[in-house]
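Heads up, the next two complexes both have chain A, just with different partners, chain B and then chain C.
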Partner chain A sequence: MSGGHAHHTLYLPGTSVLHRLPAQVKLVAAVLAVLAIVAAPREQFWAFGVFAVVIVILAVTAGIPLLLIARRLLIELPFIGFALLLPFVASGERTDVLGLHLSTDGLWGAWELLATATLGVSVSILLASTTPLREVLTGLERLRMPTLIVQIMSFMIRYADVVADELRRMRIARESRGFVASNIRHWPVLGRSAGALFVRCFERGERVHLAMLSRGYTGRMPQPEGDGATMTTWGLALSLPVLFAAVSLTAAVLT
Partner chain B sequence: MHAPDGFIDAPVSIAAGVVAAGGLALCLRGARRELDDRTAPLAGLVAVYVFAVQMLNFPVAGGTSGHLLGGTLAAVLVGPYTGALCVAVVLLVQGLLFADGGLTALGVNITDMSLATVLVGFPLALLLVRALPRAKGWLPVAAGIAAGISVPAASLVFVGFYALGGTTDVSLTTVAAAMVGVHVLIGIGEGLITAMTVAAILSARPDLVYLNRFRKREAAAVPAAPMVQEV
Partner chain C sequence: MSDALRLRGLSFSYPDGHLALDGVDLTVQQGERVALLGPNGAGKTTLALHLNGIHTATSGSVEISGMPVDKGNLAEIRRRVGIVFQDPDDQLFMPTVRDDVAFGPRNLGLGQAEVAQRVDQALTQVRLHDVADRPPHHLSFGQRRRAAVATVLAMDPDILVLDEPSSNLDPAARRELAEVLLSLDVTILMITHDLPYALQLCPRSVVLADHRIQADAPTAQLLADDEQLAKYRLELPFGFSVPTA
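Right after this comes the complex of A and B.
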C-alpha cells in the first residue's frame, strides 16, 4: 500500500544525514528555519543569498536534483502573479523603472514575497523529499500532536489513492456514456458525481471502522517504538535554524 | 488562497498559529462528540473526500475551470466541528507533506480556510434552514447560500491578517476590494456546486446530511430540534 503514492509524494529514498535525522527533529528545524527567513529584513540582499546557498548545499548533500526542486517550486506560481502586481498597486513613493511608474514599496514587497516564498517552499520540499510520509506522522506524534489528528492524517494519506481512483472511475464511466463536461450547464451532473463520491467515501469510512472494531480497535492505534532523538541529533538539526536566525539578526542590526 | 511564507510577517503568523491550534483543539473535542469512536476512520475518509472533491474540475467558460473549496459543504454534511477538523487536516497534509502552502503560513491558512469558513457557513446554513419552508428542496438552497457567503467572508479574514501583518504597504481598501471581488465570484460557483452536491446526497442518503436534522419540524408532532452550540 505504501508504494502506491509515488505520484503525489516528494520522497526520494536516500542515506544522507538529512534522510537519517528523525522526523520530529526535522519538522521543528524546518519550521524555525522558515520563521527566521520570514523575519529577515528585506533590504539586506546578502542574507537571502546566504539562505539560498545553504539550502542548495543541503539539497546537494541529500542528493535531491535541483531541477526537481525547481519544478516543485511552480506550486507558488499564483502568488508570483500577485507579487508582480504589487509594484503597480502599492502606495507611497514612486520611481521610474524601464519607463514604468512604479511604487518603491511595492517593488520591495514583490521582492520580499518572491524571496521568502521561494526559500520557504524550498525548505518544505527539502523536508518532504527526505522524510517518508509514515515518519512525518510518527514525528508529529512525538511532538505531542494529538493522536486523533495524527490518526485522521494517516487515514487520509492511506485512502487518498483509493478515493482518487474512485473519482477517476466515475469520470471514465461518464465519458464512456458520451458525457464530457465542457460548460456550466453540465454542473448538475458533476454535482451528482460529487454527491455520489461523498456517499461512497462515508460508507467506506463506516466499513473501515467496523473492520477495525472486529480486529479489536479501542480508539488507540499501536504506538511506534524506539528511535527517539538524542541531544546530538537535536543539536545537529537545530544548527540550521540557529544559523538562519543569526544571519537574520545580523541583517536586522545592520539595517 | 493557500498563502505562502512571507505574505504575512512572523509575529502575526505565530499568533495565527496559536489561534489555529486553539480552534483545532476545540474542533477535536466537538468531533469526538459528533462521531465518538468512529472519529478517526470517518473523519479521515471525509478529509480524503474534501481533498478529492478539490480535484473535481467544474468547467466555467472558455477553457477555464474552478473547483470546490468544500469548507461549508463538509460542515453541512458531517457537522461543524468534524467539518472544520477535516478541512484543517487537508491543509496540514498539503503543507507538511506536499509543500503546498508555506509552513509558517499554516496558522493563517487554517484560520481563514477552515475555522472562519465553517464559523460563518454553518450558523448561516442553520439559520436559513430554520427560516425557509420545511420542504426538502429548500435545504440545498440554504446550504448553497451559506457556502456562497462563507467564501468572501473567509477572504475578509485573510484581509484582516494582511492588515495586521502584511509585508507591503498596499492600501487596505485595494486589498479588500480585490480579495472580496474575486471571492464573490468564486463564492457564486461554490454556492451552486454545494447546493447541487447536497441535493444529490439528500435524495440518496438523507441520513448522511447533518444539517437535515435541523430542518423545521411540524409544530406538534415532534419536540423541538436540539439546539447546537456554536464555537
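Right after this comes the complex of A and C.
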C-alpha cells in the first residue's frame, strides 16, 4: 500500500543538516539559489560547473542517491524537447554543426535553457527530498504566503492521498471478486471504476472536511511545534545562495 | 441547570431534496448518557451533524447549553461538542496519529505543553501509545476507530457525540472504550446498533425512525419491550434478553 501515497514518496527521511533546517529557511535559500543560477551569464561554462558540483555535494551530504535525482529530473523533459528545437527554429547567425545548419543564438538559448532548468530543478528536488510536504506548507505560511494559496495546496495534497486510498480499496474490491485487468476488453470496467472513484473521492473529501470543521478547523492549519529559525540557521542556509550569487557575479564581471 | 442539548422541531432535507429529519424533539440533561437507536438510514448521523452546526436545520432549532447553534458561535459550539464520526477514515487525515490527535487542541489555540499533555492523555485512554507515530492509514480498522475517539477526547468536550463507536472493535477494545466513556464526566449521546452496549452505557435510549423520535424510555425498559423493538427494526443479539422490569 505504500507508493499509493504520492506525496510521501518525494520525501526521503533522514537526519542530515539539510533535513534538519527549518522549512521556511530552506525555501528562501532554494528560491534565491535558483535566481542566482538564472542570473549567471551563459557564456561562462565554469560557473554552471561550480553550481553542479555544489548541488552534488549537498545531495551526497543529505544521503540522496544521485540516480534518484536523475530520475526525478525527468519532469523537465518537455523543456528539453523545446530546447532541442531552438537551434533549428531560432533566427540570426547560422553555424554548421555535424553538417547541420543551425542558429548560433538558438544553440546558446538551448544550452542556457538546459543548464538553468537542470540546475534549478535539481535544487527543488533537494528541497523536496529533505522536507516533508506538510513542513513546506507550514514553512510557506511562516513566510506570510497568503493562507488561501497554502490552503489550496494542502487540500491538493490531502485529496491526492484520499484518491490514492480510494483507488487502492476499489482495486482490492475488484480483484477480490476475481477481476484482473489484463486486456483492452476490461477497460470499460476500469472506466466505470474511474467514474465511481471521482464521486467517492469528492464525497469523502467533503466528509473529511466536515470532520475537520468539527474539530474547530477554521481554514488555517495549526502550527506544529518547533518553529522559530535562529540567525545562525538562516546564515547557514543562506550561504548557498550567497555562494551562487558570488559565482554568478564573478562570471558576469569576467564576461 | 440548563439542558445540555435541546432540539425543537428539527427538520432537515439534503440538497438533493431527500427529507432526512422531520420534526425531531429531543432534550438531554447535563451529564446524561443517552443512546440514539434506529434502523439504517433513519437519520441518526444526519441528526448528529446538526449538533455542532455542520448541517443547518431547514426548520426548527438546536441549542447547546442554552446557546443556539448558529454561525456566530460555531467556534464555541465546536469546542463544547465533540463528534466521533462513523467512519474513522473521515476523521483521520494527518500524517501521524499523534499529529491527528493534536489537530483539535491546536485549533483551540492551546500552548505546546498543554497540547502535548492532552495528546498524551487521550492516547493513553484509548491505549494507542505504541502506534502514536505511525500514519493512521496504516492501522487496523479498530485501531483507527480508537484513534478517532482519541482525536475528540483530546478536545475535552462537554458533550460527546459518538456515531457507532463499538463497531469493528474487538471485545476487549469494546469493553475498554466503555470504561473510558464511563470514566468521563461529560454528557454523552451515543448512536449505536449495539443494543447491549447501549444498555451497559446509557440509562436512557431514544429511537429515531421515520424522520423523528418515536420512543424515549429507560434503556432496560425499551429493550425488554419486544413489540417496540420489532416495530423499529431493532433486535437484540442472539441469545440475549432483557427481563421485563
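Basically, the second predicted complex is superposed on the first by the 185 of 255 C-alpha atoms of A that agree within 3 Å, B and C clash if a C-alpha of one lies under 4 Å from a C-alpha of the other, contacts with A are read in each partner's own complex, and residues count from 1 in each chain.
Basically, a residue touches a chain if its C-beta (ideal position, glycine included) is under 8 Å from a C-beta of that chain, and two chains touch if they have at least 3 such contacts.
Not measured: the values here are computed from a predicted model.
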Inset, instruction - Scan A:Gly235 for contacts with chain B and chain C and give back first, second, both or neither. - result: neither
Inset, instruction - Give one of first, second, both or neither to describe whether A:Pro41 is in contact with chain B, with chain C, with both, or with none. - result: neither
Inset, instruction - Pick one for A:Arg134: touches chain B only (first), chain C only (second), both, or neither. - result: second
Inset, instruction - Identify the partner contact of A:Ser214: answer first if only chain B is touched, second if only chain C is, both if each is, neither if none is. - result: second
Inset, instruction - Pick one for A:Ala115: touches chain B only (first), chain C only (second), both, or neither. - result: first
Inset, instruction - Could you say whether A:Ala30 touches chain B, chain C, both of them, or neither, answering first, second, both or neither? - result: first
Inset, instruction - Report for A:Trp187: first if it touches chain B alone, second if chain C alone, otherwise both or neither. - result: first
Inset, instruction - Give the label of whichever partner, chain B or chain C, reaches more residues of chain A. - result: B
Inset, instruction - Report for A:Arg204: first if it touches chain B alone, second if chain C alone, otherwise both or neither. - result: both
Inset, instruction - Take the contacts of chain A with chain B and those with chain C, and give the residues found in both. - result: 8, 158, 204, 208, 212, 217-218
Legend entry - For the chain B and chain A complex, residues of the former touching the latter: 3-7, 9-10, 13-14, 24-25, 28, 31-32, 37-49, 51-53, 55-61, 68, 77-78, 85-86, 89-90, 92-93, 95-100, 102-104, 167-171, 174, 178, 192-193, 195-201, 204-205, 208
Legend entry - Complex contact set, residues of chain A against chain C: 1, 5, 8, 132, 134, 158, 161, 165, 204, 207-208, 210-218, 222-225
Inset, instruction - Spell out the part of chain C that touches chain A in their complex, as residue ranges. - result: 49, 52, 54, 75, 78-79, 81-83, 85, 87, 89-91, 93, 95, 99, 102-104, 106-108, 112, 115-116, 137-138, 151-152, 155
Inset, instruction - Please give the residue numbers of chain A that touch chain B in the complex, ascending. - result: 8-10, 27, 30-31, 34-35, 37-39, 42, 72, 75-76, 79, 86, 89-92, 105-106, 108-110, 112-113, 115-117, 119-121, 123-125, 127-128, 133, 136, 140, 146, 148-149, 151-160, 162-164, 166-167, 181-184, 186-188, 190-199, 201-202, 204-206, 208-209, 212, 217-219, 221
